[in-house]
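Two complexes come next, and they have one chain in common, chain A, joined by chain B in the first and chain C in the second.
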Partner chain A sequence: MSEGGSGKWVVGSGNGQGRVQGMTTLPASTPRRVRRPSNLLPMLAVAVFAALIYWPVMLFANQGAAQKALDSGADLGCKTALACATQLRNPVIPAPGQFWVGMRSLSAQPFSATAAPYNALVTGGETLLGLGLAVVVGLALATLLVRSRSFERATLPWLVASQTVPVVALAPMLAVLLGQAGVQGFLPKALIAAYIAFFPVTIGMAQGLRSPDPLQRDLMQTYRASGPQTFLLLQLPASLPYLFTSLKVAATAALVGSIVAEISTISFSGLGKMLAENSRASDTVALWVIMVYGAALGIALVALIGLLERAVTRWRPVA
Partner chain B sequence: MTHSLLPTSHSPPHSGPPIVSVRDLGMIFPVPGGQTVALQDANLEIMPGEFISLIGPSGCGKTTLLRLMADLISPTSGQLTVNGGTPRQAREARSYGYVFQAPALMEWRNVLGNVRLPLDVMNTPKDSRAARAREMLRLVGLEKFERSYPWQLSGGMQQRVSIARALAPGPALLFMDEPFGALDEITRENLNLELLRLWRETGKTVVFVTHSISEAVFLSSRVVVMTARPGKIEGIVNIDLPQPRGEESREDPRFFQYATEIRELLRRGHE
Partner chain C sequence: MSLERPVPRLAGAWGALGLSGLGLAGLSLLLARQEAPAQLGPAQPGLWLVGITALLLLGAVGIRQSAQGEGHPARTVPAAATLILLVLAAEAALRAYAVPTGLIPTPSKVLEALWAARTVLWRDALTTFVYEALLGFVIGTLLGLGLALLSVRLRFLERGLLPYAALLSSVPIVALAPVVIKAVGLGVASKTIIVAVTVLFPVLINAVRGLHSAQSMHLDLMHSYAASAAQTFRDVRWPSALPFVFTALRVAAPLSLINAIVAEFFGTEGRGLGFRIQIEVGKFGLDVVWAAIVVASVLGISFYLVISLIERRILPGRR
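Right, the complex of A and B next:
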C-alpha cells in the first residue's frame, strides 16, 4: 500500500462544526487540558451569604428558648430574650462565638479518641470501604442484569425492595448478627454503607453497560469478538462515566448510612457515635460542630470520586 | 437486468469466481401487525476487484442487502455466498471490513487506539499492531492525529479513522454503508477522490451503499439501482468511465448520461 497522495485529505474541510476550527493547530498529543475554574470563589460567595443571614436567623431561633429560661428565673447574666439569645447553654443555633469554642474543643487534639477529626476519618473509612464493596457487588449485579432478561425480571423488584428497608431497622439487626460471628466495629458500618450504595451503582452500571450504540455492537460482531472481548473492550469502558455519576450519588447516601449505623449500633468511634453521645448530653453546640464535620466529609468524598473520575476517564473533554 | 444506453462490454472488469453471489435473495422483517418485505428476489454477482454501488431511496433494502452480505442479519429466502462460503463463514474468517453510516468510534480510545481495535480483538502479534495502525493512518492522511480523541476530530476525519480501522486487518472485501452520507458536499467529494485512490492502490472489492447518484457514478464500476416497497433491484448500470478517474471525470459527457440512466431507473421504480 502506498502513502502517496495522502496530503489530498483535506483536514477538516469546511465541515461546519465548530470544533474543526483550529484543528490543524492542535498538537498531536493528549486532549487539550483547559484549566478548570476553581469552585472556591462560588463556594465563598455562598458562605458570605450564609454568614449574612446567620445572625438574624440565630437570634430568631434562640429567642424563644431564652425567653423560657428567663421566665423560669434562670440567671443567664442578661436582661432581655434578645440579649440572652447568644448566651444559652444549649442553643437551638449556636452563636458564632459559641460555635468557635465548640469547634476548638472538639478539634484541638485531632487524633484523640474524642476529637471530631479522628472520628470523621473513621466514618470516612467505613464509607469508602462500603463504596468499594458496592462497586464490586454493583458491577457483578449489573453484568448479570444486562446479560439476562430473566435475571433482571427475577431480581430487580427485590433490589428495589431492599432499598425500602430503613437503615435504622437494618443496622442493629446486622450488628447483632455480625456480633454473634465475632465481627464488630468497623465492618458492620461499612456493610451498611455498601448496602445503601450498591443500588445506585448497580442501576448506573447496568445503564452504562447497555450504553454502546448498535453500530458499535455490530462493529464488534464483524470482528467476531467474543462475549468477554465485547464486555472488556466496549461495554466496560463505555460504562465508566455512568459508574462515577452513580458513585457520587451513592457516596452521600452511604455516608449517611455509616453515620446512622454508628448511631443505631454499639459504636466506639465515628461521627455517629459522637452524635449519639452529645445528643444524650444535650450538647447542641457539639452537635452542630459534628454536623459541619459530616458535611465537610461528604464534600471530600464526592471530590475524591471526582478526582478519580478525571484520572480514569481521561479521554473525555473537560466539561 | 442490465441496462445501458452506451455500447459497453457487460463483462465485469475481473475474471474468476464471484466474490459475492446473490441468488433470489429475500428478507422479510416482522413489524407490528404484519411484515415488511425489505428485499425481494435480489440477484447480483460481484467480481473480485469491482467497485459496486447500491443506490436507491430509503427503504429500498440497500442497507439490508449489505447487512445480509456481512452476516449482521440472516435472509428469509434465497442463497448468498461471500468469499466462496456462507456469509457466516466469511464473517467468522474476518474476510471483510465494514464502514458504518456513523464513524462508531470508541470515544475512550485515541485515533491510533481506534484503528488498532480490530487487531486487538483479532489478537494479531502485539508488537506489530501499532505499526500497522500507523500505516493505515498514513493511508488516510491522519498520521499527525494519532493521539487525538474522537471528539477532537471533524465528522469527515472521524469517518476517515473508521475507514482506516476497517482496512487495518487487511480484508479483501470492504462493505461501506453510506459512509459519507452525513458529510457536506465538499468533504464528500474529497473523500470520494481518496476512496478511489485507496481502491486503485489496494485492489479491494468495495460494496458501497449511497443515495447520491453522482457519488455512485463517480466511484463505481457498476451501479446497482434499487427501488422501494418492496425493496428490489431495478437494474444494473455499467459505468465505463476511464480509470484512473479524477475531478475531470465529473465533466465527462458520459458521466451525465450515466446519471440520467440511473435517475430514469429510479423513477421507473417509483411509478
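Right, the complex of A and C next:
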C-alpha cells in the first residue's frame, strides 16, 4: 500500500512504528520491522463508518427536494418526504440502490460508446500518450538544463514558477487553438496532458541527472568513459527513480488536463465528454458513477507507473 | 551594478541584451505602423521572422554572457531577460504574421485587456482567490492537521484512514467537482469544499509522516527527563513535524488556486476566474482569457511565496 499511493505523499506508518518501538522498550538492535499487522480491519472499519454517515446525510440532503416534489403533486410511490428521499428521479445525493442501478446501466456493455469503462479507457489512453510525450520533452529539457548553466539560469525560475501557474486554465484555449489548426481526435487531449506533465518531469529528471555523487563520476572518469557513456551508463539510470516520482505527481495533473480538454473541445468519447453531457442533463447518478470511474482511473494510472517503476528500477529497493 | 570593480564581460552582455531588446521592440513598433501587414505579401513575414530570430540569437548570446560568474546579477538577469525578450519576440512575430486576436492575442493586447477589464477581473480574483482558494486552503489545512493529530493518537484510525488518504490524493479533482457542485449548489461554498478536500489529503499524509519523524534519540531524551506526553509533543514531535507540514502547504497553496479555477468550469453563479476563462473562450475573447491567466499566475506565485516566507520565519535555519 505504501508504495502504491500518491507520488509525493507516501504513507510511512511502518517507519513510525519501528521508531516508537525503539523509543519505549525494545533495544536498538531489534530488527525494525517485526511484522506489521494488516491494515485490512481498520480500513474496513473506516469504510463501514463512512457508509453509516453517508445514509443520514443522504436522507437529509434529499428530504427538501422530496418535499418539493411531493408538494408539486408528483407521484413517487411514497407518502412522506423521508420515505421519498431514496426514490427521487434526480437526487441531490443518490441512495446506494440508485447508485448501483446507475453503475450497472453505465457499465453493462463495457465497450459500447456510451459506457463508462470504454470512455475511461479512452481518457486513460490519451493521458498515457501525453505522459509519454512529456517524458521525451522532459528528458531533452533536463539534459539541456544539466549541460548548460546559462540555460538553467535563464529558464529554471520560469519552469519552477510555471508549477504555480494554472496551466489547466490554458487547456480550453489550447483545445480551441489546436482545433483550428486541424489537429483533431486523440491528439489534442494528449498534447494538453503532455503540456501539463512535462514541467514536473523536467524538474525531476534534472534533479535525477545531477544525483550521481562525485565518487561515481570519478569512477567513470578512471574508466575513461566518454561524456555520452557517462550519460547513458551513470546519469540516465540514476535519474530513473526521480523520473517515476515526478511521473506519479504528473499523472493526476495530466489526467485532469485531458478531461478538461475533452470538456472544452468537441469530443465524441472520453470521461470529460460524459461529464459535460450529464452535467448539462443534471443526471446526478451518472455523475457519481463517472466520479467513481475517474477516481479509479487516477488510482490505476499511478499504480501502473508504480508497477513500471518496480520493473525498471530493479537494482534498488523502492524507497 | 558594482562601481568599484569594472566587469567588462557583463558590460558586453548588457550591450547584447539591450540591442536585442531594443531591436525587437523597434520591430514591433514598426509593424504597428503598418496599416495592414497582410498586404505586405507572402514573402514578407518570412523576412520579419529572420530578423526576429537573429535578434533573439543576439539576446541568447547576451544571456549566456550575463550568466557567467556568481554575483547577484548573474543569477537574476538571465531569467528576467529571457522573459522580456520572449514576450517582445512573441509580440513582433504575432504582428508580423498578423495573427488575429481571436486566435492568439499579442502581449500588448493582453495588457490592454488587463487594464480594460480590471474591475471585472478584480472581482473575479477576489471570489476565486479569497472565498474559494484561501478559505478552502485554511479549512483543509485545519481539518488535515486535526485528523493527523487524532490518527497519531489512535493507531487504529491511522491504519484505517491513511491508506484511503494516499489513494484519494491521486483522484482527479475534475471527477469530484461536478458531484459536489450538484450536491451543494452553484455558489462559492461548493468550490470552497472542493479546495478543502484537495488540500486535506496532502496535509494529513505529510503531517502524520512528520509527527512520526521525531528522532528516537530525542524521544529517548524526553523519556529520561520523565517528560509528559504533552511536553514531548510540544517540544519534540510538533517541531519535527512542521517542516513536513510546510512542504505539503507549499505544494497545496498554488494547487488550491488551480483547483478552484477548474472547479468553476463546472458551474458558478457568474463570477470567478475559471468562469471568466470559460465564458471568454466561448466568445473568442482570448485577450481577456490571457489576462485572467496572468492574474491567476501572479496570485498563485504570490501565494506560494507567502507560504515560503512564513515557513522561513517559523523555521529559521532550514533552507
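In the analysis below, the second predicted complex is superposed on the first by the 232 of 319 C-alpha atoms of A that agree within 3 Å, B and C clash if a C-alpha of one lies under 4 Å from a C-alpha of the other, contacts with A are read in each partner's own complex, and residues count from 1 in each chain.
The definition used in the following text is that a contact is a pair of C-beta atoms (placed from the backbone, for glycine too) under 8 Å apart; a residue touches a chain by one contact, two chains touch by 3 or more.
Worth saying up front: this structure is predicted, and the values here are computed from it rather than measured.
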{"item": "More chain A residues in contact [chain B versus chain C]", "value": "C"}
{"item": "Touched partner set for A:Leu52, first chain B, second chain C, both or neither", "value": "neither"}
{"item": "Touching partner for A:Val136 - first (chain B), second (chain C), both, neither", "value": "neither"}
{"item": "Partner chain in contact with A:Asp218 - chain B first, chain C second, else both or neither", "value": "first"}
{"item": "Touched partner set for A:Leu301, first chain B, second chain C, both or neither", "value": "second"}
{"item": "Which superposed partner A:Ala108 touches (first chain B, second chain C, both, neither)", "value": "neither"}
{"item": "Contacts of A:Met291 with chain B and chain C, given as first, second, both or neither", "value": "second"}
{"item": "Chain B and chain C contact sites that coincide on chain A, given as residue numbers", "value": "1-2, 4-6, 8-13, 15-16, 19-20, 23, 28"}
{"item": "Residue numbers on chain A that touch chain C, as the complex places them", "value": "1-2, 4-6, 8-13, 15-16, 19-20, 22-24, 28, 37, 39, 41-46, 61, 92-93, 149-150, 153-158, 161, 163-170, 172-173, 176-177, 180, 248, 251-252, 255-256, 259-260, 263-264, 271-272, 275, 278-279, 282, 284, 287-288, 290-291, 293-295, 297-299, 301-302"}
{"item": "Contact set on chain C toward chain A in their complex", "value": "63-64, 67-68, 74-75, 78-79, 81-83, 103-104, 156-176, 178-179, 182-183, 201-202, 205-206, 208-209, 211-214, 216, 219-220, 223, 248, 251, 253-254, 257-258, 261-262, 265-267, 273-274, 277-278, 281, 284, 286, 289-290, 292-293, 296-297, 300-301, 303-304"}
{"item": "Touching residues on chain A, where the partner in the complex is chain B", "value": "1-17, 19-20, 23, 26, 28-32, 213, 215-216, 218-225, 229, 233-234, 237-238, 240, 313, 315-317"}
{"item": "Contact set on chain B toward chain A in their complex", "value": "70, 72, 91-92, 94, 96-98, 100-102, 104, 106-110, 117-118, 120-122, 135, 138-149, 151-157, 160, 183-184, 186-187, 190-191, 193-194, 197, 201-202"}
